[in-house]
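You will see chain A twice below: alongside chain B first, and alongside chain C after that.
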Partner chain A sequence: MRIFLSGFGTVGQGFAEVIKRRRDFFEDKYGEQPVVVGVIDSKTFAVDQKGLDLDRLVARKQEKKGVSDETYSDALAVMDSVKYDLLIEVSPTDVETGGTGLKTIRHALECGKDVITVNKGPLALHFHDLIALAKKNGCKFRFEGSVGGAMPIINLCHENLKGEKISSIRGIFNGTCNYILSKMDNGQPFEQALKEAQQLGYAETDPTNDVEGYDAATKVVILANSVFHRDVSFKDVKITGITGITPDAIAQAKSHNMVIRLVGEITETRLEVAPRLIPIGHPLSISGTLNIAQIDADLAGPITITGRGAGKIETASAILSDLIAIMSMRL
Partner chain B sequence: MHLNAELYVKDLPGQLVGSLEPISMVDGNIIGVVHDREKIVNQRILVSVTFEVANSKKLDELKSIWKSRDIFISKIGSVYETLTSEFMLVGAFNATYIENLIDEVSKSTDIAYSSDNHYKDKRTAMITAEVRTEEDLDKLDEFFADASEKDDMIYIRGL
Partner chain C sequence: MRIFLSGFGTVGQGFAEVIKRRRDFFEDKYGEQPVVVGVIDSKTFAVDQKGLDLDRLVARKQEKKGVSDETYSDALAVMDSVKYDLLIEVSPTDVETGGTGLKTIRHALECGKDVITVNKGPLALHFHDLIALAKKNGCKFRFEGSVGGAMPIINLCHENLKGEKISSIRGIFNGTCNYILSKMDNGQPFEQALKEAQQLGYAETDPTNDVEGYDAATKVVILANSVFHRDVSFKDVKITGITGITPDAIAQAKSHNMVIRLVGEITETRLEVAPRLIPIGHPLSISGTLNIAQIDADLAGPITITGRGAGKIETASAILSDLIAIMSMRL
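Entry: the complex of A and B
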């Protein structure tokens, strides 16, 4: 399996580490190792048809902020310069245009390559186009890590719950907001909780995407399109963030034995990200950076899954599960 | 359908089970039973049972089984379940505003509310509503969502 890796930030480097850790597994199960033949980050690239040394690439990236000294102006030309079977797209999310991720995914699918992505932008904006393109060219297109990081919600719905009618999914899809709201439960005001989240690396310097609910909304769109087969995009989601939640509101909720959590909800008719009142003890009342989802299925009833919604190795584990699925299909 | 029935059964061993078994036979669900040995009419004792059946066809089926077993149905009626939900509004409103808002909806709903001190000119109102149907709950949800959009408040509803 020859892989082209688009994006070599936290998740890309996490993937490099994960395939190294699973070397024996690949050898035992498939009798071969996945080989990364090309890598691009935002400015630089490295290609080697025989396979790149990922340890060296990670070391170089951390030391010099690039995968090589070679820069590029056309990502697609770099992709075309090597032979690969699978594109792993982990470049930064751009929910306004889809960014580089949209271009590289489209290009790979047009060239008949399989694709794995955790990039929410292209999925939130052009889900059905990309699925159609993959189908037309006979490509496998998987995106487990795009929602909930290590929490296996998409493949669970697509594979294990294939025979179910799913009526709703409600969940906490943004760990940053959950961390802030959990801190507010203990009396911290929003601004202070946000600052703490930033210091711990849970929130970006510009936290807008998280605290205004935009990040959770992209995940709601992906679930609506992929699980509910709806045809919606980011603009169809009713979004309310957490910036207006006051300590009074938290205290009032607490006096009624409840907490406030930012919940994404998908049904046949509703697409929403909004703060909700959750009874303490309910699965959605979890604290910290965890993600959680409750799936309501007609035969199985309610199913709850939880996991780490972000993180280098955690997100890479979702990519690994997609990679294994694709490699198994090729056996 | 959520129902309550008062049945009079013969005061003989096995009659209580004999009156409840038909509910299972129509795939119903027994929620509660009171076997009142104090209430005796014509040598029959009272069994008050609350149960669920899928529809009126199943209920008719159940009634005819009871009749065939010589079980006397003295009363049967619907039991209304109420749904409780919480709604929270956060915004720059005063007590009169929230009272007027609640007056508007409380015609059809049992409502209680508490309001907290303001934080940076914002007040919080927690509203607890008891309604009879999911539809009523949806209407209430829509009402508060519209009001909060119109008056620039944050609306936080229960699950």
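Entry: the complex of A and C
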């Protein structure tokens, strides 16, 4: 299995660590190691048909930025310069245009390569095009880590619950907001909770994407398109963020034995992200950075899944899960 | 896909209903309906190579007991009298000897047939023998519904989390006990809560298997053998049931903001079923008949899954999930 890795930030480096930690597993199960034959970050690249030394690339990247001194102007030309079986696309999310991720995914699928991505941009913008392209070219296209990080909701719905009619998914899809709201439960005002989330690395310097509900909305779009087979985009989601939530509202909720959580909802007719009153003790009342999804299935009944929504190794673990599925299908 | 169905009680009849409700799904995805060519219950049988009318069998069974007037003395001879691809084994659980289920599963695997079962007896007693037999004969052997009913824990661990090192699973694996304990939270004594569970059909007339923790222990054994690759049996589990729990103990727990729940634990070195103090708000503090499992994975971190642990359609939905997996692999 020869891999081209597009993106070498936190998740790309996490993936490098994860496949190193699973060397024995790959040997034992498949008699071969997956080999990374090409890596690009936003400007630089490294290729080696015999396989790159990922430890050295990680060290290089952390020391000097860039995976090498070699810069590229055309990502697709770098991809074409090596033979690979699978693109792993983990470049930064761009929900306006799809960014590099959209180009590399399209190109790989057009060339008949399998693709794993956690990049929400291309999935939120062009889901059905990409699925159709994968199908046309006989490629596997998997994206477990794009919703809920290590929470295995995508493959759970696509595989384990394939025979179910799923009528709704309600969940907490943004760990940053959940962390902030959990802190507000204990009396902290929004600004202070946000600052703490930023100091801990849960929130970015510009927190708009998280606190305005945009990130959660992107995941709602991906679930609507992939699990509900709808054809929707970001603009179809009714979005309310958490910036307007006051300590007074939290206290009011608490006096009724409730908490406020930012809940994403997907049904056949409804797409919404909004703060909701949740009774304490209800599964969606979870605290901290966890993600959770409640799936309503017609035969199985309600199924709830919880897991870490983000993190270097956690998100890479979702890529590993997809990689193993693809390698198992090739056996 | 030609199915031989061993067992036509609640789950067998549930399966008949489920495949009827998924007629369009099968047509759409596979271009064929699964056909049941043989059914046995404890005494009677019905076979038809062209496919049995399951609605008529269900009606017959509910009216007169038995699926027909024809009785059998040798279940394996009935199996051999038709051509089938897959055995679905849902006869009553016998954790002493493995019962009919053990015989039919072994026979099917020896004949190179795939097997789906929810029968805990054979799995708890002869797990590794059966796995080895399936492997030797190139058969698929799946058993999602044997632990936690519609809660998809087995395939989640075997497939989605295949690349993880799972260090522990802690969970609530018996909905009857959880129902009783939830009622005791509100001040009901054990005997009264049990009686109510019996009236609602959650507990059997002889509730020993549930309330002494034996049923949960069987599931602990199945998870230990299948997910942890251990080689253990029922006698290796340290078991304490819930019959000794007093209203006073519940009240004491409540005064510390805790509840008592019957928790099964599996690690590399530990197998135990026992009542545990659980803080209110902790995932394992769930009330009612739900099952839950907390999985500790080294890369993904903690993952929690919740679902209905029993029920006619719910358990049949787990069989459907396994059936779809097998049909998809044949495509």
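Keep this in mind: the second predicted complex is superposed on the first by the 331 of 331 C-alpha atoms of A that agree within 3 Å, B and C clash if a C-alpha of one lies under 4 Å from a C-alpha of the other, contacts with A are read in each partner's own complex, and residues count from 1 in each chain.
Everything below uses one rule, namely that a residue touches a chain if its C-beta (ideal position, glycine included) is under 8 Å from a C-beta of that chain, and two chains touch if they have at least 3 such contacts.
This is a predicted model, so every value here is computed, not measured.
Taken together in the superposed arrangement on chain A, chain B and chain C fit without clashing. In the superposed model, A:233 lies in contact with neither chain B nor chain C.
In the superposed model, A:81 makes contact with neither chain B nor chain C. Which of chain B and chain C touches more residues of chain A: that partner is C. In the superposition on chain A, A:246 makes contact with chain B only, while chain C stays out of contact range. Once the two complexes are overlaid on the shared chain, A:198 sits clear of chain B and of chain C alike.
Of the two partner chains, chain B is the only one touched by A:284; chain C is not.
In the overlay built on the shared chain, the residue A:260 is in contact with chain B alone; chain C does not reach it. With both structures placed on the common chain, the touch criterion links A:21 to chain C but leaves chain B unconnected.
Once the two complexes are laid over each other on the shared chain, residue contacts for A:320 go to chain C alone; chain B is not touched.
Closest contact between chain B and chain C, by C-alpha atoms in the overlaid model: 8 Å. Overlap of the chain B and chain C interfaces on chain A comprises no residues.
Chain contact summary for the complex, chain B toward chain A: residues 86-88, 90, 114, 116-120, 122-124, 126, 128, 154-159. Chain C meets chain A in the complex at residues 18, 21-22, 25, 144, 150-152, 155-156, 159-164, 280-281, 283, 285, 297, 299-308, 311, 313-314, 316-318, 320-321, 323-325, 328.
Only residues 170, 240, 244-249, 251-253, 255-256, 258, 260, 263, 274-279, 282, 284 of chain A touch chain B when the two sit together in their complex.
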